[in-house]
């Protein structure tokens, strides 16, 4: 193996650039040639591919987003798309790939592996919703970004003794809500993975107020419902004058945290090692603080599990 | 004069605590006794008043919000409410006041002055919508908070080549949008003080794309319309797939910037000096980098003017 | 068991307040009474002890430092000091304790356990130098604080094509240097746990320059030597005009990261559970992403091991 | 005039990139061609010059440092250097320049003007030590960076009841110390522009402690003396166990604040307007919140004056 390619796919996440840098630097260190593929699988098919050198990835580790750009490209699910991609791989002499993105992007990676082009997947998404890894690249940064917002809102909530509903990202997963809720000292965390009874929530807010609590912070995962709908539901059970904040795409950007950069660097180097061992079709993860890998097919049958112990912890600490 | 009181009124703003500290410390330095009044005019009427000492304001300069709390209290517009407030002032022996808040709160302050209790107003609001001052306490912090969000969204916007609409606070004023738009390198700034033609906006986005621009950032003042409505309007003129972000109450919190803390400190000390000179019914401002004051009545007849030169500047630089 | 006490000891670390809050809230949730002990073991001996309620720990989770204060108190190593402390425990009816600090403070905790007052230790120090735990409370925040500084210095280093030596804390441990070095993309990381050859460092800087590298960042653990001494050593091998920055106590403060707050919350609640099970003399840790505990005596015979794989990783990626 | 050049000179400062972008965009908007000159006057002489287009300055406004690099180049003081520079200007057809840097770099700019190549200077330095401008580009960012450090150190200072000496940049000027000291609530600010008596400082610290102050923060301008020397001086008058922190080059980097970006944008556009009017040899400033300009020669005879009213303000508020 002499040449590898790198692409990022799906929603961008902080730390993707650190992962790209790690793949590129490690590969060059091992004597490989490295090609960057812009715009994910769309760019692969279109041949938007360029030779990287050491300077290409200089001063990128600290930047949010992905300098290889990302794009949705459902057409790659079809063999026609894959064959066009392979044509480009052949054209550039690329023998193997690292694909950084959510597990949705692993389908394309697996197809390429089946065609003889080994691909290793790195979990790059703020949502932390990839199976067989405790953390995804970008999650720690997103949680800290949300936390900063929670801290700010706490200032206003305290000053005015108000109830705030803060809607956070995570698609179907409650991880961002759980972590930022525990870290932010939220009174309530509402996630898809756990039932909630809005009447009970209302009663707890009221009981907190009766005991002298100055404010109530509710962190709501977008996978449950929208903040404004939650606000309306809540208003049925009392006069809470709750304010909603939808943090939105702010959560996707920003300089990655140390944790995300270190993990991205470890995973990126590990992916190159796996490729050098002739492996493909594997998804890299971090489990119990150790780098691991699993067959991509195993991930498709699995579901990510949120750390529900944090939910119970918050219950005990928020009263 | 031996005793003064301090209260914060209206929406909280970063730097209010720095202003409270400055008023309290300067007054104590001048040999006065200082009383804190919780919850604005509501707390005044309710007698929620306490003696402050030097330690009361220690380690507060860096905190967002207001540790004296704030509350809306329209009842203070009526003489009945004012007389109750005066009863409390007499009870505590408070002879004069500093009121920190938007110019709405100056009405109550003026009434107290007319009743013989000198009150000085300090402009505390993130909206920068107070006449006769170039800047209000909290504005610089809010602009920097918005700017951080714009910088983060830029990461995602660049990675995905998207159009983002970022709705920012300011009520009727476009100042937060203007400053954060110029500083954030926004392609478009939409404010209440300047006409806009959504068709033209759409054309400019398209023309930017045609020239290779990777993304478009539109900063929208809440006083114009909501981001989602703007998004719908925009979609009438092309397929922009714009994403909206409503920053919301995040803009109101956080540790104040150096500028806000210094200005709040200057204004707080100045208010005490004015009280010591026997003055009341005055609104403090900063104009052309100098501390100034005006009769509160002058403010009620005036309107704050946004710095429209920034709008034109952005036009020239964003292309 | 009806009453427990909490104290913080040794150098302060971000997340200590989150740990205090978690201990207090969990204990109250379990029906216990909670007492705060100011100034560590010194305050214990002096009886600087107060009853905590739910409000005592409100709005503390986000604050740096420790609101229970900390102090060095070597006198507690002697039995005389311990007996005085026990006198105070008896006076306040405190039956058990949670001690938050470095493993140095576990000696005092163990003595109290031996006297029949169960004590659980939580690892609170930015240095990450406690055995039997992968991470200490405060470490993640300190690393991110250092990283922000590295990112800033990178701006200047790039603009001027300079070599910078950044001295970071950690006492005898290289963990802060390792993590911030990898995350910051440092060319060199110098730690006590790994030999280095200053001549080789000089050669690598020169070789990087020859290949067009715009700058060199060297992260130096304080346990190796001082930055200015390193600068002088380096100058023996070439004309590097290196600049030194000693980050100092900035690394100890600031709002804790999400990771530190969550881990502190988990550990705090876990400590209360252990006390409720009648256990004492135990040190809580997090190992392979799971909460664990060990006898304090085990820690005294052990040594913390830095994650040296990060050193090798950086070697491969920084070229 | 059809072609202009831009260069940055002297120490880098946050906001320089925003200024470069503004000059480039405004010039292009006015139909001019724009050339970037790398490494200041050194690059001018060496012909390290390139054509800029709109994309060159995209995504630069938020970055610290200067992407045109900077370098010291004392050789430009001699006519020989200037003539070589002019040769390059002729070669590239550059008729006029904008020079961004401290007033030291204005000497070179004035020489070029005298040779018929109009040059406008923009004050780019964190030190705020340029005459005829209230603020320089980079100052607001540096002050906020220092302030963050002061806030962090306050956490540790409070937790341990310690005295901290924080040495900040500014060369001969005390502005960074003054602003960050007032904003940080420092007990003492030591600047070159105002006498101080170390014995009196010691007495005030002691008196603060006697009144129950938990800590003392001293902000020391580097122009006075080094922190460690100050520490030694202080120790002569009591047992303060003061800790010193030298913030160093951290103060020079980082994303610019809103204020710095807006001011840099205004100044950059203004410089182009002045060039279009055929003017040269002028230094742009902001005075009393208005854009102004002065002959560069006027600056050479003048001295920047720190805002000493802040020193007095801090005296009254810090007790």
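Order as written gives the chain letters A, B, C and D; numbering starts at 1 within each chain.
Please note the rule applied: a contact is a pair of C-beta atoms (placed from the backbone, for glycine too) under 8 Å apart; a residue touches a chain by one contact, two chains touch by 3 or more.
What you see is a predicted model; the values in this text were computed from it and never measured.
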item	value
Topological distance between subunit B and subunit C, in contact steps	2
Chains touching both subunit C and subunit D	none
Subunit A-subunit C separation of Cα centroids, rounded to whole Å	28
Distance from subunit D to subunit A - Cα centre to Cα centre, in angstrom	39
Rounded Å distance between subunit A and subunit B, as computed from the means of their C-alpha atoms	35
Sites on subunit D at which at least two other chains make contact	151, 154, 158
Touch-based graph of the chains, sorted into line, ring, star, complete or other	ring
Pairs of chains satisfying the touch condition	A-B, A-C, B-D, C-D
Contact footprint of subunit B on subunit A as seen in their complex	8, 11-12, 14, 63-66, 69-71, 145, 148-149, 151-156, 158-161, 164, 243-250, 252-254
List of subunit D residues in touch with subunit B within their complex	18, 21-22, 25-26, 28-29, 54-55, 58-59, 61-62, 134, 140, 143-144, 147, 151, 154, 158, 179-180, 182-185, 211-214, 255, 257-259, 261-262, 265-266, 269, 287-290, 309-310, 313, 316-319
